[in-house]
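Both complexes below contain chain A, partnered by chain B and then by chain C.
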Partner chain A sequence: MKHLHFALMLMLGLSTTACQPKKTPQEKKMAIIISTLNNPWFVFLAENAAAKAKELGYEAKIFDSQNNTALESDHFENAIVSGFQAILFNPTDADGSVANVQKAKDAGVPVFCMDREINSNTVAVSQILSDSYSGSVAVAKHFVQQLNKKGTYVEILGLVGDNNTWARSKGFHSVVDNYPALKMVAQQSADFDRNKALEVMESLLQAQPNIDAVFCGNDAMAMGAYQALAGAGKADKVKVFGFDGAADVITAIKEGKVSATGMQFPQVMAQMAAVFADEYLRGKRDFAQKIPVAVELVTLNNIDDYAAFGKK
Partner chain B sequence: MKRYRYLLLSIAILVLAYFSIEVKALDEVNQSRAATFDPKAYARDFLDKKLAPVLPQAIDLPELLSKLSQNKDETFEKYSHAVSIGNLRNFLVQGEGKVTEIQENEVLIALNNTEPAQVVHLATEFIYGNSIRDAAGLFDIKNFSNSNDINSIAAEINRIIRSEVIPPFRKQVKLGDRVQFIGALELNQARLNVRQLEILPIQLSLK
Partner chain C sequence: MNLAIKKEQFSKLQSLIALLVLCLVISLLSDKFLTVANGWNVLRQISVNICISVGMTLVVLTAGIDLSVGSVLALCGAITAGLLKMGIELPDQNLYIGFTLFGACLIGILAGAALGFFNGWAITTFKVPPFVATLAMLTVARGLTMLWTGGFPISNLGASFAKLGTGWFIGVPVPVWISFLVVLLAIFISNKTPLGRYIYAIGGNENAARLSGIQINKVKIMVYSLAGALAALGGLMMTARLDSAQPNAGTGYELDAIAAVVIGGTSLSGGRGTILGTVLGAIIIGVLNNGLVLLNVSPFWQQVVKGLVILLAVIIDRANSKGE
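Showing the complex of A and B:
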């Protein structure tokens, strides 16, 4: 009986140990969990975070959430169980991702948000975010000037659950709505996805064939919208505005296909997140909860000063 | 009897489904997240009690331009402010000059004490962004955890300037007038361009 007890205790002990995150001093690794790698902008963000983590002496592994909060949840569990010491995180959903970050916090794994915000100020150690609102204010000012304060336009929104979607939309409207002769005739989401934006724009053009402009919540959607406009023979008549500073839009601005974009600096955000995580693991605890990173307006007038993703 | 049971069950499911689904417009979803913070009151208080007392300390614009040409980074370090990390920085500046052109969206001024006279664009229409909020370095982001509040304050400050400072100035200003201004100037530290300076006014007076 005693042997049975001992065996049971041993098995219980082993199984409990197996469920604990593996934390050995020699293992230094950071998990980089990204909303989607189906967009070059996020690939760049992920690769820069991984590169900085490696430079700081950590093993780095990138996880693709495929814009799916459930998959993101699996990645968090995997990262916690596998003994990653910190998570550099680009959330899929401002509300839906909070529980995942909480899970990591409960397991003692610090999380640093990059580019996208979560709707909690207490679970992530710090959130390093593009100043999407102010960037869109700058794009909107250019939009109003280009349209000479009048005309009709459509807005293509990003993921409805992402705060950046609304920050960009609100920033844009905080300017454009002051001009009553500028009329928004449709507003629809295309989930930050180029193909969806192409479909949305094709559909919108059926109902609104005479628009003057389209404002898109990111560059992938701007390229999708441009593709639809080109297919309908309207590319020269409709001005396209994007947000991100992606490579194809930088080229499109040079070629006069896209009017403007808001240049984000993913490298700054990714590197800062990795540095913060390293500092946290070394004992620092005083981090600002929200750190906005400035977004710069890029137009044909200053395009030579910029390269994709703010690299120049 | 079975029929009634199915009927009751169907009604119960329909009632449950009705009360468990709520259809909202996309922008309503966002508005519902708005907090109870009052940006109008904060902006008014910020302009009147925090910014107004430090306006006389604004750096003279010709002096700033001279310092920038001598040592750009040191000048940015000493005189510029921004809540965001990055290249866009804001200066609280003052100056005086002669009106050379009145356009729909701005008034052009030939700045005193610059040789040849530097023309600055005094914005009278597109007063947006964080420049006025951030220029004096008095706005502390650590006091705010909600991004909406931070943005709403800038929007409200700009609205006050557009509705209270600009209309009386636009009504009176004529070509050749002498103008004194205190305002905010945004410059890009990495891509510095001082050829076309745009000032967002905070205080304007005609002489």
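Showing the complex of A and C:
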């Protein structure tokens, strides 16, 4: 199926470029500028924003900033110059992206942040934010309960240069560090990558063969860690905790392989941002600056309510 | 001639000594390092890098470079995973083509060879510098991976495919067998066949090689195709191991492969180096990765240490080859 899709996309790519000169200047269009498309979660966010914008009658174009604030700056300039009326924005950096949003504001283009915030309350029209911190607090509370407040664990961090890595880690430790009998015996990074997490976990299991749990900064790493545990025959002794709500982990929770994850709602955030932008362009002006979208704890108990990246 | 052989042997020995020193230091700091289970872990973990860096060695010996291996690995892993999981559907003709395990793997590897062939073709026919041609392929293959997968992983590929990454055969993990056979094959090619001699000759002095009648373009295209096929093989092993083709798999793997080649004493200007040296280089990187995690070294410091080891290896290598 995907292959056909691929062939179709190639063909469509050719045919749409051929028709492009017919465009009228007054066309309604939204730019969707995303921190990275190198991660399914953000692809899902971008595609949902684009789908909602199209449903509302806009043309939508997705820009990939490749986790690079300078490239993001180029995208903003291009979007402003080529007449996009609104920008649905997933920032690369809380501080670094402020100047880009300011640029759009100065040019009269409203910006709506999705998932990640920027450190300014005056430049974006509204920020619809995934509450990573409180989400990891919820995962941590479940973690403490599952381990009966005692035991040893390892933490596998995401990219060490990424805001989300530390928001999740800090939220987790704000709870778990209150229990002195819960000991973190190693903290390593696997760059949000399934294969790296598998390798790191294999090595960690050599150094720490008797751990009770592993907390991972995202679900891809949780799957990698689980596979290392399964390979070492320890899958039923060590509890795995993830974050994101990706398809593989939803299945793994159902099968009892992973204990819990923090479910984020990219679709909710993306659609809300597109609707807000549409309302703004129709004249509405009073938007809340920050709208936190709660991250929900998903375990075996409530798994039937959830699907990949959202509720059923 | 005798002197040259001695030097070659010494440089091999030098990587071996470095490896032994590294192992000694880590085992003094952690009693978990020198265990059989950990040994298999390290060997299994480096088998993907060995496949890639063996191909990279052949490329570098011709004074080239292949930056596209990480993306080619991801694309070919995804192609095989997609074919296995979904086959090809042609609704217009009411046709569905399913793939056997062997068929899907074969197509994955052939796709890798084809991408490598394209690299070689651009480099020889249009005289595009290898760095630029393969840099372009790095981007193109990553983009094709995204198109093919839609940006989402392809998971749950079945137990028989998973064996390629997680299985054991006569007491040795399957990926270790595969990388072992790849190494044997590459040593045979580089030492015992005309192709091997041509590769060294081209890297040593391309003009001289051309004048002596070697079909340089043909050799280069073969070498890049081989590097592509080996990257694809690495991709299959990784996909099997994870039971999932990740769209961002293999990002930055070209650098690990180049590091293994360089640490193993192969000269980036071509003509000098050995497959066995690269294998030692890959083992050194694998042991380092494993040791740093075993010792719970901070992830920030790990990058610094790895970079310094690579630099040190090249400095020692340079100091040795000054006499030539």
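In this text, the second predicted complex is superposed on the first by the 233 of 312 C-alpha atoms of A that agree within 3 Å, B and C clash if a C-alpha of one lies under 4 Å from a C-alpha of the other, contacts with A are read in each partner's own complex, and residues count from 1 in each chain.
Here is the rule we use: contacts are C-beta pairs under 8 Å (C-beta built on N, C-alpha and C of every residue); 3 or more make two chains touch, one makes a residue touch a chain.
What you are looking at is a predicted structure, and each value in this text was computed from that prediction instead of being measured.
Enquirer: Looking at the overlay, what does A:Val160 touch: chain B (first), chain C (second), both, or neither?
Expert: In the superposed model, A:Val160 contacts both chain B and chain C.
Enquirer: With the two structures laid over each other on chain A, which partner does A:Val144 touch: chain B (first), chain C (second), both, or neither?
Expert: In the superposition, A:Val144 contacts chain B only.
Enquirer: After the superposition on A, what does A:Ser134 contact: first (chain B), second (chain C), both or neither?
Expert: In the superposed model, A:Ser134 contacts chain B only, not chain C.
Enquirer: Classify the contacts of A:Gly231 with the two partner chains as first (chain B alone), second (chain C alone), both, or neither.
Expert: In the superposition, A:Gly231 contacts chain C only.
Enquirer: Once the structures are superposed on A, label A:Gly171 by its partner contacts, choosing first (chain B), second (chain C), both or neither.
Expert: Touch status of A:Gly171: first partner only.
Enquirer: Is A:Asp305 touching the first partner chain B, the second partner chain C, both, or neither of them?
Expert: first
Enquirer: Based on the superposed arrangement, let me know which partner A:Asp193 touches: chain B (first), chain C (second), both, or neither?
Expert: In the superposition, A:Asp193 contacts chain C only.
Enquirer: Quick check on the superposed pair: does A:Arg285 touch chain B, chain C, both, or neither? Answer first, second, both or neither.
Expert: Touch partners of A:Arg285: none, neither chain B nor chain C.
Enquirer: Which chain A residues lie in the overlap of the chain B contact set and the chain C contact set?
Expert: Residues 157, 160, 187, 189 of chain A touch both chain B and chain C.
Enquirer: Using the touch rule from the top, collect the residues of chain A that touch chain C in their complex.
Expert: Touching chain C from chain A are residues 1-6, 9-10, 37-40, 43-44, 157, 160, 185-189, 193-195, 198-200, 202-204, 206-207, 209, 220, 223-224, 227, 231-232, 247-248, 251.
Enquirer: Which bits of chain B are touching chain A when the two form their complex?
Expert: Listed in rising order, the residues of chain B that touch chain A are 26-27, 29-30, 33, 82-88, 105, 126, 128-130, 141-142, 144-148, 150-151, 154-155, 188, 191.
Enquirer: Given the complex with chain B, which residues does chain A contribute to the contact?
Expert: 117, 119, 121, 129, 131, 133-134, 137-138, 140-141, 144-145, 157, 160, 163, 166-167, 169-171, 174-175, 187, 189, 265, 268, 272, 288-296, 302, 305
Enquirer: Looking at the complex, which residues from chain C come into contact with chain A?
Expert: Residues of chain C touching chain A: 30, 32-33, 35, 37-38, 41, 44-45, 82, 86, 88-91, 146-156, 166, 238, 241-244, 246-249, 251, 289-290, 293-296, 299-300, 302.
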